[in-house]
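Notes for the one structure printed next.
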Amino acid sequence: MRSRPLAAAACGLGTLLALPVAAAAQDAPAATTDSLAAQVASLASAIDTVWVVVAACFVLFMQAGFALLETGLSRSKNAGAVMAKILINLAVAITMFWISGFALAFGSGNDFIGTSGWFFNATGFPAAAGTAFASASASVSSLFIFQMAFCAISLAIVFGSMLDRTKFAAYIAFGVVFAGVIYPMVAHWTWGGGWLFKDGFLDYAGSSIVHLQGALGALAGAIILGPRLGKFRKNGEPVPIPGHSIPLAIAGVLILWFGWMGFNGGSSLVAHGVDFADVLLTTNFAAAAGVMGATLGSLLMFRTIDVSQMGNGAIGGLVAITASCAFVDYWAAFVVGLVAGLLIPVVVVFVERRGIDDPLGALAAHGVAGVWGTLAIGLFGTATRMDPVIVDVVGLPSRAGLFMGGGFSQLWVQFYGVAATMAFTGTLCAVTFLAIKHTIGLRVSEDHEASGLDISEHGMFGYPESFIEVPGAQPTPGPAWGGDADPSHAMTTSTPATAP
Amino acid sequence: MKKIEAFIRHEAFDAIRDRLANMGLPSMTVSEVKGSGRQQGYTESYRGAKTTIFLRPKLKLEMAVDDEDVESAVATILELAHTGEPGDGKILIFNVAEAVRVRTGERGPAVLARHEDPLAT
Amino acid sequence: MRSRPLAAAACGLGTLLALPVAAAAQDAPAATTDSLAAQVASLASAIDTVWVVVAACFVLFMQAGFALLETGLSRSKNAGAVMAKILINLAVAITMFWISGFALAFGSGNDFIGTSGWFFNATGFPAAAGTAFASASASVSSLFIFQMAFCAISLAIVFGSMLDRTKFAAYIAFGVVFAGVIYPMVAHWTWGGGWLFKDGFLDYAGSSIVHLQGALGALAGAIILGPRLGKFRKNGEPVPIPGHSIPLAIAGVLILWFGWMGFNGGSSLVAHGVDFADVLLTTNFAAAAGVMGATLGSLLMFRTIDVSQMGNGAIGGLVAITASCAFVDYWAAFVVGLVAGLLIPVVVVFVERRGIDDPLGALAAHGVAGVWGTLAIGLFGTATRMDPVIVDVVGLPSRAGLFMGGGFSQLWVQFYGVAATMAFTGTLCAVTFLAIKHTIGLRVSEDHEASGLDISEHGMFGYPESFIEVPGAQPTPGPAWGGDADPSHAMTTSTPATAP
Amino acid sequence: MRSRPLAAAACGLGTLLALPVAAAAQDAPAATTDSLAAQVASLASAIDTVWVVVAACFVLFMQAGFALLETGLSRSKNAGAVMAKILINLAVAITMFWISGFALAFGSGNDFIGTSGWFFNATGFPAAAGTAFASASASVSSLFIFQMAFCAISLAIVFGSMLDRTKFAAYIAFGVVFAGVIYPMVAHWTWGGGWLFKDGFLDYAGSSIVHLQGALGALAGAIILGPRLGKFRKNGEPVPIPGHSIPLAIAGVLILWFGWMGFNGGSSLVAHGVDFADVLLTTNFAAAAGVMGATLGSLLMFRTIDVSQMGNGAIGGLVAITASCAFVDYWAAFVVGLVAGLLIPVVVVFVERRGIDDPLGALAAHGVAGVWGTLAIGLFGTATRMDPVIVDVVGLPSRAGLFMGGGFSQLWVQFYGVAATMAFTGTLCAVTFLAIKHTIGLRVSEDHEASGLDISEHGMFGYPESFIEVPGAQPTPGPAWGGDADPSHAMTTSTPATAP
Amino acid sequence: MKKIEAFIRHEAFDAIRDRLANMGLPSMTVSEVKGSGRQQGYTESYRGAKTTIFLRPKLKLEMAVDDEDVESAVATILELAHTGEPGDGKILIFNVAEAVRVRTGERGPAVLARHEDPLAT
Amino acid sequence: MKKIEAFIRHEAFDAIRDRLANMGLPSMTVSEVKGSGRQQGYTESYRGAKTTIFLRPKLKLEMAVDDEDVESAVATILELAHTGEPGDGKILIFNVAEAVRVRTGERGPAVLARHEDPLAT
């Protein structure tokens, strides 16, 4: 051991893992094709796992994006409460996905629901024990992390339309139901091999499964909560409440954009034997087009280039391409994103006209863009790109989108898939929010809302120095600001006063 | 009725407020201001470009009091705001033509009277 | 399907990709060396692709770094406009690199320009179809993403010196030309196998191709725009305009530092058969030295430890090592970074003395550091590290840097490579900006500048609560702040009043 | 060359690396099992390296997390100084780990200290030259980067408790000693194959090696510095000094959470032949439980849901699971995190009662949670998970945690491992800080503290517009805000005035 | 000429400004201040450390008006700022020795006269 | 003793402060206020929802001066704050009943006297 401390380091750090490949390469008497084949399969699994894990981390990081986006678009008296919400929601989503979510979504069961594998009991997953899955693709643990991060994203979307007025306890209660039951069931229908999967419904990375579901929760929540105090004038005219920090909000959008590379890119779940990187092209083209679409739309509708709408345009483009990124050509991806971007300001205004107060624009960016993106497969999907799933996996005859000469069949499946999701998730979310409203309460009191959630729910402002006295917050100019450059602290020379 | 305006250092405020409240004069308004005066300016530097700043953060304390309380309030402020260094500030006193309490609509000196209000201490 | 829902999940999510490797390992009658060799090649490609994709994502994330750095160093009345700029520039860069950039840079053509592969038409790339490239290395899609992210970075650098006064429309117009034409042409000269490549010019990850080009745009723009109102006193003395948030700016620097791991690390374009991680050592040593150099330089020149200069020091060190990270030893990397850091304050002062207003310090951190880093290969490059390119790929005789006993030959190539880039890019950028100035206009009106770009170009401040009334922005203290702990909301106990 | 520009691009960018695998797959006369075995080993190394490098980048990115967390929890008059501290500390840590840290920690030597490999001289590492290490696992460069990032994290933790009052020069002086000597020695004991390693002490990713060491520095520093002016009333009662930005602080926590995926996940140091992703489940479960624990603890102790405590709960859960993530079951991970979260408010109050001023809560989140997490292996470790290290690598008999029926033996080792770390690191840090105090000085003058470190040490505020006049900072409303929509700039229509 | 200084709640301002503007008195200045008074303090808590804060955000409204407009302006403020809860604030009235309009250099009561300025409504 | 309150544009301040300091009147206090007046409002727009804002950022300059300095100070402000556009602001002058220097406790006009203080220029 003395002479090989680095290897020891590896061991100490890394539970010293059998290293069959390396061993074979060195001291095995002779490499046989069989032993090599086993090693190659192990490496294939490793590379898939690395990609899925990295992608999962990117998706997890999107929580920081949502945190900044939402805090930026809330008022500064509620800025801390948003961060508390993100933390507790992430905690609840992780816990519930472990307890029941993964089992309901990916456990074996029937066409509607999985029924095995509670508490991520891997023995509950026959597939996981199957050699094909275990040796050929990413490890089940990595898949769990990836799916867990998706579930947490869907939950994070919900509360974007509920900022500035929701009770802390409601986040927990809703999160338990949504992440533990609602989201996984719909995920099972498609990604868990359920009825939509068998019908050939396509949603590559979750335009409808992740984003539309989140937006439906947001819609139900925003309606049941009602608008923020002062959001509408007596005549119903909306009052601008523009949040407190566009820089933080758009930094959030850029983090989301980055995270989406894992969101869409990682949804291949494999890294070898397929050009998994290609979906990042469609993803970026749609995001770029979304920004352009929202810029143009904002200019036409509002006669101003609304920065928050530009950010929503990026998100809208990304949401829209999420379902279709693997199924459409580059130009179509650009169109999908552009339309999503153009829709953003239209939907934002429409929603506000209906008296619904959605501070984030989640209904436009995640809801309508999610629907549009899911349907877009039925319009722009190409047979070349769809066949590997529709034909080879599901076993249906080849199809293409309407505009690609494929008729209405795929569009119809996409349509009723979306409709079923809207009916199911919308109803359950509304019921859940109503139940919360009539038990622990959904909305803070008017006093608390006026005071801000930070001080009323958390005892302290998110920007304390703005609102309360903080000892020493105001720099008291003593000689340090003036001319007494103290020669004794060489490294910390204060600026000499120049006053004559 | 008089209004006292005092331009003071931040550090002095807490003690002044406490003492005045104990004297039955908790009602006052403060605001953040920047002052220029005998106190020396300071120099900021950013990438080598330097500027001398003459304005320094101060607190402005405003309180309307009944005539009989003016001297004790001024004495309190003087005592507690005093450090002897330039920058201690100034106190100005004005005549108030009329005072109204919004909550009740009352007018006149009663509005500014000393009060032993437990809530306000 | 019933019994294997997880596998189904993989399918549903992932377009169910043929999985040749795994299949071979399980049920193939017998693995032959030929089938194994094919699988190994496929895995080699996969691992290269994973690394390139991850690196590309890191580089894409650098946009968030630039966004924060630039917004932090602009005044708060312009903070939202900076974010709008980042979004639209990223959208334009992605779109133009797709339309023409990749073709001009990497399409086949002549020594100066590529002429095939518009709209990323992969059949336009003979090389992509070649077996060596396709099977041995990262997928062409992943290379596109990586290069696209580089192009977007170069464009982002341009506007750092143009903050606080540039018209929104000008970002679009310049972006179209720069990302669609200027940048890719210079990239072609070296990375596209053009004339500089054949001369043995070395720029590993783009000190001159990415950073210097961006800085040349920044220089042209800053000169043509003129300084911000109030930046210089009548006697020419500069007035400090220190931006509004050092925390955001330095958070941006740290994001850039992180992203640079992908920038330099991913520029290997392969992950197997080579110690691609080694460049991350030189990269980090130079960044560390850059911070130290700028700290020292700032202390010596300004007698104060300017935080923004420290951040610029990190960037300067990173920019300088970008060209040379694979060609110099660790100690030399440290020297390269240290010199870059020391140069920062010198150049910042020099630029300001010339009456050029560069709020970000882009000319120092990306321009001069980029030149220095490119030349440094000619000083510190070692034959051991350069031979794999100079000898094995380009086919020239072995060389080394001047201080490594190699004479002036490499330094000379580096010099005229930089000179050519400066002449070409500088001229074209200046022409483009002048054209914009005389058509749609480059600079906002004085009124708009005084009002701030946020309100004048975007109708709303980036920090709305700082400048306008936002309904409910000021927390109105009702009982919620006081003693009425409402016992009914258990989770949301407000803090009880302690007033006697 | 003409017809293959893309390949050329790869070359130009990437030092054109021998590509043995690909070559073999194409034009080798015939693939032999031997050549294939070599290729497979090379791929195995590549995939491990990719994972370790990506993980190292994530860990490096945690610096941005600490930067935001610390600046958010300091007062705005010191916000810029925090960023300067992060930059200089990162620079010092990288430099010192290169000079001496890696050699002391991982060089060959004795049970207490490594003595070879100064300046990352790879020939100083026999192990690195050994075929097993070199061919089977990640490249030594990638391991260096990973370990370097760890060292920088440990140093970053130190100053969290020293915010708002420490001299800039002290960061450098302490950093040199800590990153160059103290941290690596303790790392050597376990990860470098030293005495603790041989005793079977387990610390997977550094609960005690990284976090506890940092916290011990923080403790020594906070005591020797004394509390901030105004932190305690004359009667010893603590005064709340809640920092200036909870949004930035919690954004920092979310970045740390993300980075921890690399911190714990990458500590496998291999990606193939082992389910390295599994530790991310335990890691996330503990983090989620940490948030819940701190939320509950804050509610019980303070009757308010303190957002900063929630963030500390996440960190505490992550710190605690860092040692044990590979050795405990999922439920146990949840318990470990929950307890860590519950401990946070208790410890925070305890520390404050002792008159120690720890603005960040580092003593709770990194110190106590680090101790708890390290001991937890002795309570919850399972033989199945521990055997691969304890039995296969260290060569000791199988063991399990106390609650898993394994008796006290592992707990005892964990205990004296922690105790030794506390004694050694605590002492050396205290000595170092005392030495600094009595030479260059540790704490700024009262005047400087009252003025804020930004203006006194750096000549400029971190939020300049808040405290000093910045030319043009106040938007001066001219016609741009009013009715003069200038029809000439189509893209930049200002909002038309509606005043009648 | 008189100057009215009113310390009021934020919520009241919009209505007051509208009504006064309609009355031809759009000219005024407001600033953010913090007030202490009869209104109860509130408690903040950070990591268990608690502090009671007596200062609360208020708006200070300053308007110089001609003598004849004083009562109507005060009545307007009184009406619209009144909630009946502690914290409604106070109105102080001062004599103005002189008033000057910077734009024109005019002096005296004309400077403060009511005006039906369409732009200002 | 008089107190001058001037509501002016930000841009004007630096020149005014310099000139007054040169005249031996460096002592003053400024604060950020929002003003409503004859100057036109502006429209903000967020996601299509529009609002017209009547308040605009102004500086409030307060300086207590001895009677003899009032006119020269007012003239200086008038000259340098004047642009001729609406929004130039107003100057109000008040009688000061008493003035106290906190540093020394001095009272009366001496406290406000002009002084050629080198530090303050």
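When the chains are written out, they are named A, B, C, D, E and F in that same order, and each has its own residue count from 1.
Heads up, the rule we're going with is that a contact is a pair of C-beta atoms (placed from the backbone, for glycine too) under 8 Å apart; a residue touches a chain by one contact, two chains touch by 3 or more.
None of the values given here were measured: they were computed from a predicted structure.
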item: Listed pair (B-D, D-E or A-B) duplicating the C-F contact set, over half by residue number; value: B-D
item: Chain centre separation in whole Å, for chain F relative to chain B (CA means); value: 19
item: Separation of mean Cα positions, chain E and chain A [Å, integer]; value: 47
item: Chain centre separation in whole Å, for chain C relative to chain B (CA means); value: 52
item: Residues of chain C engaged with two or more neighbouring chains; value: 33, 36, 40, 43, 45, 47, 50, 54, 168, 239-242, 245, 302-306, 308, 454-455, 457, 459-461, 464, 467, 474-477, 481, 491-492, 494-496, 499
item: In chain B, residues with contacts to at least two other chains; value: 31-32, 40-46, 50, 53, 55, 57, 94-95, 119
item: Overall pattern in which the protein chains touch one another (line/ring/star/complete/other); value: complete
item: Footprint of chain D on chain B - complex, ascending; value: 42-46, 53, 55, 57
item: Chain B-touching residues of chain D, taken from the complex the two chains share; value: 455, 459-461, 464, 467-469
item: Complex interface listing, chain A residues touching chain F; value: 237-242, 301-304, 306, 308-309, 345, 348-349, 352, 361, 499-500
item: Residues of chain E touching chain B in the complex; value: 2, 6-8, 31-41, 54-55, 58, 60, 74, 77-78, 81-95
item: In the complex, chain C residues that touch chain A; value: 1-26, 28, 30-33, 36, 39-40, 42-43, 45-47, 49-50, 52-54, 56-57, 60-61, 63-64, 67-68, 71, 79-84, 86-88, 90-92, 94-95, 98, 119-120, 138-139, 141-142, 144-145, 148, 168, 245, 248, 299, 303-305, 454, 457-465, 470-481, 486, 488-492, 494-495
